[in-house]
Amino acid sequence: MKKILQNSILYLFALLEISPLIFLFAGTFMGNQEVISYIAPVLKKGDGYASWRLFPVFPTLKNIAGLLLDSPEFFQMFWNSVKITAAISAGQLIFGMPAAWGLARYSFVGKRLVYMLYIIMMMMPFQVTMLSEYLVLDWLKLLDTSFAVILPGIFSTFSVFIMYRFFCGIPESIIEAARIDGAGELQIFFRLGIPLGASGIISAMVLSFLECWSMMEQPMTFLKTKSLWPLSLFLPEITGGNAGLSLCASFVALLPAVFIFLAGQEYLEQGIASSAVKG
Amino acid sequence: MRTKKKLAALFLLLAMAITLLGGCSGKKGEEKGGTDRQQKAQERAGRFFESEVGLPRGVNIVRSLKKLSDGSLGAIGENTEKREYYLLKSNDYGKKWKAVKVKGLRKRYMPCVAMSSDGTAVFFEYAKGDKVKAYHADAKGKIASFSFAFPDKGKNNQVHYAAYDAEGQLVVNGFDGSLFVVGKDGSCKKPFDTKGAAVHYFGIAGNILAAVHNEGVFLFDTKKQEVLEEEEPLDNLIKKEKELSSSDTDSGQPMVFSEGTQEDGFFFANKNGIFHYTRGGSVIEQLMDASSASFGGNNATYQDMAVFDNENIFIAGSGSIYYYSYDEKAASVPEQELTVYALDESSYLRKAVALFQKENPDIHVNLEFGLSGKDGVALEDALSVLNTDILAKNGPDVLILDGMPADSYIEKGVLADITDVVEEVEKEDGIFLNIKEGSKKDGKIYSMPARFLFSVVEGDKETLNSGGSLEKLAERAEQLKKKDSSSNITPPNKGTRTLLRDLYYADSAAWQKEDGSIDKDRMEKFLENAKRIYDVDKADKKEDYQDKSIGDGTFSGIKANTNASDSLLGKQCKISFGTVAGFLGFQGMCSTWGQTKADYCLMNGDTVKSYIPYLCAGVVAKENTETARMFVKSLLGKKAETADINATTGFPVNRAAFDAFCKEKMDDPHVKEGLSMAFGGSSDSDDIYGYEYRNLTQKEVDKLTQIAESLTEPSMTNRVIQEIVLGQADKYLLGEQSLESTVDAVMKKVNLYLAE
Amino acid sequence: MGKRNRAGFCFVLPSLVGVFVFYIIPFGDVIRRSFMQAVGNGFAGLDNYRQVFSNQAFCLAAGNTLCFVAVCLPLLLVLSLGVAVLLLEQVKGKNILKSTYLIPLAIPAASVVLLWNIVFDQYGMLNGIISFFHIRGKDWMNSGAAFGVLVFSYIWKNLGYDVVLWIAGLHGIPESIYEAARVDGAGALKCFFYITLPNIRPVAFTVVILSFLNSFKVFREAYLVAGNYPQEQIYLLQHVFNNWFSELSVDKMAAGSVLLCIVLVVFVLLLQRSWDKED
């Protein structure tokens, strides 16, 4: 009985969470007319209430075709998103990972201050530093290049914070043992730190990937040239002309993120399992 | 577990594939358009300057242009009212024209015309079935008819574009994408195999026939009758800019082509500028940037292009001929640069900039439009970027403040005091003093409108009495409806937004309180009256057609004449009201009175006499504002203000311009030529009504001047407040919200805004 | 500093440099601007702060933001922890469910807003469903209920986020402790309160900080749905900052940001203090 209750709660929530995905998926295959007919009341064009359908009455591949064949900007922006996200992820591994390790396992003068700074910087909403960041980027002549978005992204303290907590969880005893065996700090980092903290690193990467993929304010403010814009800014308005297309675009835009989850999850599991054993 | 790994790998492969696909396109040989400063520096010394080309009497638009074999400029002109066609020829680049009337054509619209390099021309009629009747006109204007049938039958085709190639062959492009050569005997032959691709339009550049399709440009040598290799930079250009490949109107194409003196090279022009390309090259050379030229702009379409000696370029577009001549001596990158920024596209500004540039060749004007329309840049984003630039001290020199938070700018000291500039213009030409006073803040002027509009009420005598206030207007409308409930009383096709704006412009000035907040009671009255007026003919008002074409966001709504005199004429309404957007609109209104026996008065005149400021210019406070001030002076000056008497951008603030226009409209040359008639039809009945434009009488001019001088208050231009009020009022008119909650919402939001 | 700690500092250094350039310097500029006039170089002293404190809009927004956080945060924490615990006991379909919960994060904000518009509009789907029960629906986004919609949106989006983090943390608690407790006769509830909760503290800190961070992001949705001047109760701090920026009041914006920063610092310090006390 309890099992059934538990199950139902879980599945109910799951359904709620996934409903927008289904919504977008269905919409991908709907023709414009059909979409409009369902949401007409919201657009002030019809009477009654808005509705939706799981399976379109007139399924069509027109949207997908239109997106893949007729919208070169889509590809351009997709490529931009991939480029930016990949660059930021790589950079975070190179710079953020050691930083998290350093903060977690060592105590040096000013560590508390640095830690506090990192947290505070993470929490500031974008509007606050937008203007100043713009000026700094301008001074560095980085405006209107992809680097204007990539560099601040690499040094975002968010991923450092997540990795830090996981690194903290590694027992000191193992590290001590390695030190006694004569391992240098770098070796400890590469041979022990990274493998043991793998789950945290992966989690940080997955979450940070999400941030980058759906980043909106930064590219809009720092990138003037449209050809540099990432996918998150692509979604055109839902009007009569392209309702189906924009739903399709939304759907396609979220696919990579979903894939990353599915892929990353497995590593997540492995990492967690192995650290649990050690614990 | 393994399947997940496979999924991940699959995704990575897919991502790589997609990105490769995407990455390949649009990478090499791109056209650098727009305001690329480096590109400009690479241009050869000298610059192109714009000049106007007048048209001969009796011709009001140009349909085709051609460089004739004897070195003169040829064109086909049309008198749109009388539907007459003329063969034009000029030996001095358009200063003087010789016009030969084409005799014997039926008085109807010819959807497609073309001129040959020997001065003869062809005229096509609309196709009937698959057959097209056409006329060949010789240099003396004598016609001989012929006909041909489309090679691909059964497609309900029409002739889209036609042109003569260097061999004198007539090349025709159909709306279905077909391309073929029509012989003198009416036979049709396809010059080359397009492999199934639809040709959207084409151009002739000497021996080269350039046919634009979805993926690029087909090039064909008409002399050697062979297909030429495709050029990657051109193909990439077409693929990258979608607007350049489609052409679904018969008013013109996105690009036109012309030969130059260079072998294997040709010119082309589009909304981005004038370019030159040499076959086999890797880069398209930009000769001129359209952003500050009259032929540019997102909605521009072109008929033809003719280039003489590589230095005199003519472009026929939107019915006019634009002429660009190259001046070697002018510095290619002039010493002084001036940036003028406006949110909305405006051909008025373009003309003013071209004028200023001509008079000041050592100053280069950069005209930037924040909302280029199609890119989906919202007003918010454009303003963010602008604000950031201003704060970074990188901002423009002149701002056209429509749609911007001008009050904040003034408060924060962003704008310089231009009272002296205004007073200079006042001394030279005179300025409407009431508008000058209305633009003052603390005794100084920081933002001066270059034009203004006002709202009127039009109808019979009793209706005019109702022009005193919105309440009286509502009463009158209701009264008329009671008398005749079956007919439409208020102007048709006015949706909620348009209606609200008309009334807002006339009334909002009365709501402003000393401390900047708005008077709740007056605003409530405004809403009540608006609803009463809207409800009179509620049934017809589902769609807001006017608003769709006017556009949203900034003040683009006031560019059009929303006063519906012709609806009054066509008996589609009993009273008319709306904004009068300039002399043409005013003249049109007066011209209908012969039949409607109506008159007009200022709307809401008893409550407040309000004007709508438009194209408000401001100078950004910087160390050196001299050039900026010069520009603003020019913008307010007589030349810029009299550039186009028929512009629907309001009345000129410049007194001399205003008076000159009044005089001209009292003795209108177009009226003399019998050139101006307007026709309309209603969608309900088959009636076609029309009226002839006539000269204004002295009385009418006096009354207009009197009204113009009496306007004391500018309507509230604060965009935030307007958006709040109209957004909520929309809901109220449509019945989604009660009056109480609307007023409540508006006051709350406005107070929130003011509290910030 | 010991040699070891110096090495630790080196790990952190590269990241620190980047963070300094792209985050700390801009923030420094913000602090500077908070003492200056908006445009130009006039010194304004504490004027801006005075203005901000007495600014009604700011106070309203601050109050709303505080209210929002105070409601959402606990709600989300409790819900997500509950789901995580339930999920842990699942054997079948655990992975699929987990993936499902994460999906909302992948959906771009613009699509989410579209969906909310369709559901919560006056003629939207929610009202359509309610009308079946003969209850008159209201315009959710323009009434006090807008707050609720925003809370719902926040929880919907971030549930998965927190669930994943909780699970990672829950995994770290050795099964042996539970077994021992069960042998001693402890029931499920007792296990939860005396074993799970205490052991989950480190992760809890992360989850709280991150959820707090995400509560700021809800501005995006509010803005896309209701514009710059929404219904009173969803008028948040970022609205104020955004609007101040549009009107070029960057002096007030800077002062407000500094104040926000101070509040955040205090919050984090308090949090840390209470965490460290236990450890």
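Each chain gets a letter, A, B and C, in the order it is written, and its residues are counted from 1.
Here is the rule we use: a contact is a pair of C-beta atoms (placed from the backbone, for glycine too) under 8 Å apart; a residue touches a chain by one contact, two chains touch by 3 or more.
These numbers come from a predicted model, not from an experiment.
If you tally contacting C-beta pairs for each pair of chains, A-C comes out on top.
Comparing chain C-alpha centroids with the centroid of the full set of protein C-alpha atoms picks out B as the closest. Here the spacing of chain A and chain C, counted between their Cα centres, is 16 Å. Put simply, the C-alpha centre of chain A and that of chain B have 43 angstrom between them. If you average the Cα atoms of chain B and of chain C, the two centres end up 47 Å apart.
Residue positions 245, 250 of chain C are each in touch with at least two other chains.
Of all residues in chain B, those touching 2 or more other chains are 384, 391, listed in ascending order. Residue positions 130-131, 135, 262, 265 of chain A each touch two or more of the other chains.
Taken in their complex, chain B has these residues touching chain A: 1, 4-5, 7-8, 11, 15, 18-19, 21-23, 25-26, 239-240, 242, 375-376, 381, 384-385, 388, 391-392, 394, 734.
Interface residues of chain A, counted against chain B in their complex, comprise 44, 72, 74-76, 78-79, 82-83, 130-131, 134-135, 138, 220-221, 224, 226-227, 236-237, 256, 259-260, 262-263, 265-266.
By the touch rule above, chain B contacts chain C in their complex via residues 380, 383-384, 387, 390-391, 405, 408-409, 412-414, 720, 724, 736-737, 745, 748-749, 752-753, 755-756. Partner chain C is touched in their complex by these residues of chain A: 6-7, 9-11, 13-14, 16-18, 20-21, 23-24, 39, 41-42, 48-52, 94-96, 98-99, 101-103, 105-109, 114, 116-125, 127-133, 135-136, 151-152, 154-155, 157-158, 160-162, 165, 168-169, 185-186, 189, 199, 203, 207, 210, 213-214, 216, 232, 235, 238, 247, 250, 253-254, 257-258, 261-262, 265, 268-269, 272-273, 275-276, 279. Partner chain A is touched in their complex by these residues of chain C: 1, 4-12, 14-16, 18-19, 21-30, 33, 83, 86-87, 89-90, 95, 97-112, 114-115, 117-119, 121, 123-125, 127-128, 131, 156, 159-161, 164-165, 167-168, 171-172, 174, 202-203, 205-206, 209-210, 212-213, 216, 219-220, 237-238, 241-242, 245, 250, 253, 257, 260-261, 264-265, 268-269.
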